[in-house]
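Naming follows writing order (A, B, C, D and E), and every chain is counted from residue 1.
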Amino acid sequence: MLNLKGITKTFDSGTEALSATTFTLSDGEFVSLVGPSGCGKSTLLRIVAGLSQPSAGEIATSSEMEDLRIGFVFQEPTLMPWSTVFENVALPLQLVNGSPNTDDVDRITTVLQWVGLEEFQNAYPRELSGGMRMRASIARSLVLQPDLLLLDEPFAALDEFTRAQLNEDLLHLWEEQKWTAIFVTHSIREAAFLSNRVLVMSPRPGRVIADIAVPFKYPRQPSLRNDHAYTDFCASVSQRLATSLPGANQ
Amino acid sequence: MLNLKGITKTFDSGTEALSATTFTLSDGEFVSLVGPSGCGKSTLLRIVAGLSQPSAGEIATSSEMEDLRIGFVFQEPTLMPWSTVFENVALPLQLVNGSPNTDDVDRITTVLQWVGLEEFQNAYPRELSGGMRMRASIARSLVLQPDLLLLDEPFAALDEFTRAQLNEDLLHLWEEQKWTAIFVTHSIREAAFLSNRVLVMSPRPGRVIADIAVPFKYPRQPSLRNDHAYTDFCASVSQRLATSLPGANQ
Amino acid sequence: DSSFATDQITFGTDWRAQAEHGGFYQALALGFYDDAGIDVTIRQGGPQVNHSQLLAAGRLDFGMSPNSFLPINFAFQEIPVVAVAAMFQKDPAVLIAHASRGHQTLSNLKTEKIMISPETRIGFWRFLKVRYGFTDNQIAPYTFNVAPFLADATSVQQGYLTSEPFVIDEAGIEPSVFLLADSGYASYAAVIQTSQRMIDSNPDLVQRFVDASIRGWYSFLYTDPAPAYALIKRDNADMTDELLNYGHEMLRRYGLVDSGDAALNGIGIMTEARWRAFFDVMAEDNVYPADLDFTKAYTLRFIGKRVGMDAVLRGAD
Amino acid sequence: MKTSARLILPLLFGFVLLSLWEALVGFYEIPPYILPSPRDIGESLWVDGPSLLAALAITLQVTVAAMILACVTGVGIAVLLVQSKLLERMLFPYAVFLQVTPIVTIAPFIIIWVDSVFVVLLILAWMAAVFPIISNTLLGLKSADRNLHDLFKLYSASRSQTLRRLLIPAALPYFLGGLRISGGLALIGTVVAEMVAGTSGESSGLASRLLEASYRLELARALACFVLLSITGYGIYAVLNWVSNRLLRHWHESALDDPSHA
Amino acid sequence: MKTSARLILPLLFGFVLLSLWEALVGFYEIPPYILPSPRDIGESLWVDGPSLLAALAITLQVTVAAMILACVTGVGIAVLLVQSKLLERMLFPYAVFLQVTPIVTIAPFIIIWVDSVFVVLLILAWMAAVFPIISNTLLGLKSADRNLHDLFKLYSASRSQTLRRLLIPAALPYFLGGLRISGGLALIGTVVAEMVAGTSGESSGLASRLLEASYRLELARALACFVLLSITGYGIYAVLNWVSNRLLRHWHESALDDPSHA
């Protein structure tokens, strides 16, 4: 559905964030993006979403890309401070459908339950903890059934259990709804557990330096996490990532 | 050095964040705090730092607590948007010493190098990636040699390698400077690798429900991470945390 | 002839309602305008109010100019508004000094600091410059408030005969008052103006308004002025009987309204000679080009008819 | 801080100031026509109070109407200007014209075309009041968070949706700040407009009372008018401040508790 | 957008407006003493331009001085008021007094105590200009990020450090917004002050030209004065806007590129 060719991004400040990044994304794929801090992952997601223009390169999209519904969990929660959690989560529905009907309210309640915020639906963002804010943002990205879901380290601020739980829930949802996803994470284990493919990026200026297919079949069970093959696979991705780092030859 | 007794915090909104939390912190200890999202970890740190008043309970401090130097890595980077990275990191020095002298400049350069931001010292916060902002905030907390260091998920936004590297560097620094630390993290492995003790908190309203001594001696080597005893210890802490969760009896 | 419909007109005065407008208010109060078939609305002026622009634009049917400058300004700008009658033969403009300074004549003030408003600076100040050699660097700001004058015993300020001397006196300072009209200042005051269109289309209305106003003035000066006072106080809530009485007294004592030409030909009279005398001084200071046809500023056709004189002379006896 | 201290201390401070003034006037024997003593002013307030309040009421009608009009049009204009840099560059100079044109000299042009005195006053007071609202609201509309802008762009929000759900809430603190400035300007604009329009008779507002008191050297009364104007201006400010705090208390820093007491 | 379009379109728009006006005046045969046509105004600008500009220069001296004074004192007062809620409640009413007191009626009181006309004008223009700076700066000082407040508290920053390093930078966008409002107010305040108190010596500012023109019914010249005032006001605004963008461009949303072009 998406074909990035030689995407380069140089900011006005002179920082070259991406250099000739190329990759392809097929319909319904769940792709993880890993790479060192500051390598251009967020920048790449923004370019894919059309929120930022590449300095060079091309994005080719399949024909129906025009009215593609994109869900985006930004790296920061990006909630409207003047609205309650409920209103924040309701926003995409309202922007697309106008005022929310009862079905919509059900949907909002469902996603809020899913991220464990139903008790806080009337709280304002500043009354939430860091992890709760991030969960509100995740809920918002899922309230509209997206065609393409971009997730920028959505679970970084969550504890291991909530995180594992949400990983599994996300996989179920994906199997059910079959959207396409790009998932930025610093956890290789998470990437391996969730995705079809793991893209490894080089340090800044970022580029995809490895495109590794994940050899485990869906549906994946939580037990996969204790599988030796899984641990080995994670280690190999980790290895691949490590060799790209500046201190790699030591 | 610090003695919290029955600390309770109820916000104006009615949310009870902490309920009768009690623990003690000795000089030079490195204590980790783990617990589910929203359980009151950040609130607890803010109370320890004196940024928030408990609704009930007492904090007793050793006599020299008065002019205690506290370093705090907030959960969000909290940089001054109008200042460059260098100026942001220099702030604590300036607030304490007045204008920075050459020694200070050296110190700032050192911590910037340590977090890998020397190239970006003249950049403004909005020109940084999420992880880079967090690193600037870490650098700022260390530029003054603190007596008490409070870290609220400082490494959550960093990739595994940077994170591991910074873990080790932080340990060295601690061994050298012997400040006392409270370290909030969602990574039990990280907690186990770094600290003397791991405090486990219950879900909201938070309370310390377990105080687990870490049985590994300092200096800890990176190889510890592959140690079986280490893995087992992590699993046991994880277990302890899991039993406190709402879905624990399933 | 009560057969004609009542004409509605608006008349704009040159200041907030005070004794200088007494004749007009008297005419209104005693129904002279009604008798003439005119329904008059008086709109009071003020320091920030610009009635001449409204007159030019036809928003006011009649206006009152405080001096001879405005009518000539209209002529100079070729705006078809003309003066039809001058209720005051003498301009009540005065300079006021502290009596304690012992100034005897106007020319004594040539070296003093004088508080002058911006309007006056392009008004009678010009006369003082030409005739008495006053200079611009004598000017200090005047804000229509006498406190700065009271505070500074060396100061001199502009004023109106009928008002500021009273206020100054009340504050316990003795003023010495110099009436410019007595020193050769030839300006008329309380000049009624209207548009050329009004004169052309309804000369009868103009005549009736002028006549009724003149009657009002005779009545105000020589019979009980109380009806006018009542209306003045309605328009200007803070006006007092004491001040009105003082103004009335000054109008009479100095013959502002009915001395000179008016004693012969009745209130309202204007003459070409007076206009010329005024104009020549101003042309000398290049306020106006010497070849300006100042006679376009006024018309003499509505005055000199001795309206109301007999009645008054009878009443006054 | 206790409620009593919050009320009493400012009053006490005012009392001390007034006493000082009274003492100075007494000591230097400053005559009342140069500077009336607070006692004189108080007397004038007591004696003329009712009639001055009646005049003030008339002035306030125009002021309030002008503020409402300035709100609606000011926000409208700011919203229009924020649509594009080009539009801003094209139209903003005319907004500046509103601000820098002296009421005194523009008044006749308006009186020529408008019959009703109330409307004339309204227009003039509006001219005095509208610019801070335009300027501050425009600044606020431009200060909306970039990340939230991205969010709205992502969902292809229409212009009007972005306006209603993002720009206007983000501009609210700035708009309310502009409004608090405009409140006083509307009041003083009305008073000046009353002076210019030469209103007379029963329906004249505070301006004519103030002018006359000043000519007549009844300075105590003039100052009594100032006092009334100041109290009214502060009242408007306080009401707007209260509204502002209610509207913003859930989220904006300026409406939260004092940071030093957090 | 090309630079040419950015300049040409606003000019074109202005040209269209003026043409419309010219056409209306021509069509309805409105005489110049009711509403001068743009051509009349242009002619007057051409003929009287040099002398009007000289008068404007005098006015501008006062305006600029008043703005500088308003900046310094306005920020100073706002900083004082933000020190405590009590102080704000105690002193703010007096700031409102500055705003709601009509220049026309306060002028005599100032003239009594102050000799120099320049200083009188300065004080009056300052009174007109200072309030938006106080009010907006105060709002800005209160809008500093709570988390940054915590940071400063953590390091036991002194009041003055918190002020210099946190509050003032955070208030900067609001202060600059207030300044842009004050610019026009200082200008018009100067003109009004000149009308009321500005007669002295040879060096009289634009107000006396404006009064003279309107007194002598030279409406084209009066409107030429308006045009000059508007251009000057816009110029002040544009300069302040430019300064604002320079100071804020690294960090504040309002000074970044248009979000729709990001």
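Heads up, the rule we're going with is that a residue touches a chain if its C-beta (ideal position, glycine included) is under 8 Å from a C-beta of that chain, and two chains touch if they have at least 3 such contacts.
What you see is a predicted model; the values in this text were computed from it and never measured.
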| query | Which chains does chain B share as contact partners with chain D? | reply | A, E
| said: For chain C and chain E, which third chains touch each of them? | reply: D
| note | Maximum distance between Cα centroids and chain B occurs for chain C
| field | Distance from chain C to chain B - Cα centre to Cα centre, in angstrom | value | 86
| message | Report the inter-centroid distance (CA atoms only) between chain B and chain E in whole Å. | response | 49
| query | In chain B, which residues are in touch with two or more of the other chains? | reply | 51, 76
| field | Residues within chain E bordering two or more other chains | value | 34, 104, 108-109, 112, 145, 150, 195, 207, 211, 214, 252, 262
| request: Find every residue in chain C that makes contact with two or more other chains and list them. | output: 47-48, 50, 53, 57, 145, 147, 151
| field | In the complex, chain C residues that touch chain D | value | 12, 16-17, 43-51, 53-54, 57, 59, 144-147, 150-151, 163, 167, 170-172, 234-240, 243
| request: Using the touch rule from the top, collect the residues of chain B that touch chain E in their complex. | output: 46, 49-51, 70, 72, 74, 76, 78, 80-83, 91-92, 94-96, 124-126, 144
| field | Sites on chain E touched by chain B in the complex | value | 145, 147-148, 150-157, 161, 165-166, 169-170, 172, 250-252
| said: Looking at the complex, which residues from chain B come into contact with chain A? | reply: 11, 13, 15, 34-38, 41-43, 75-76, 123, 127-132, 135, 152-153, 156-163, 186-188, 238, 241-242, 245
| Residues of chain D defined as touching chain E within the complex | 1, 5-6, 9-10, 13-14, 34-35, 85-86, 89-90, 92-93, 96-97, 99-102, 104-106, 108-109, 112, 131-132, 135-136, 139, 142-146, 149-150, 173-174, 177-178, 180-181, 184-185, 187-188, 191-192, 195, 207, 210-211, 214, 222, 225-226, 229-234, 237, 252-254, 256, 258-259, 262
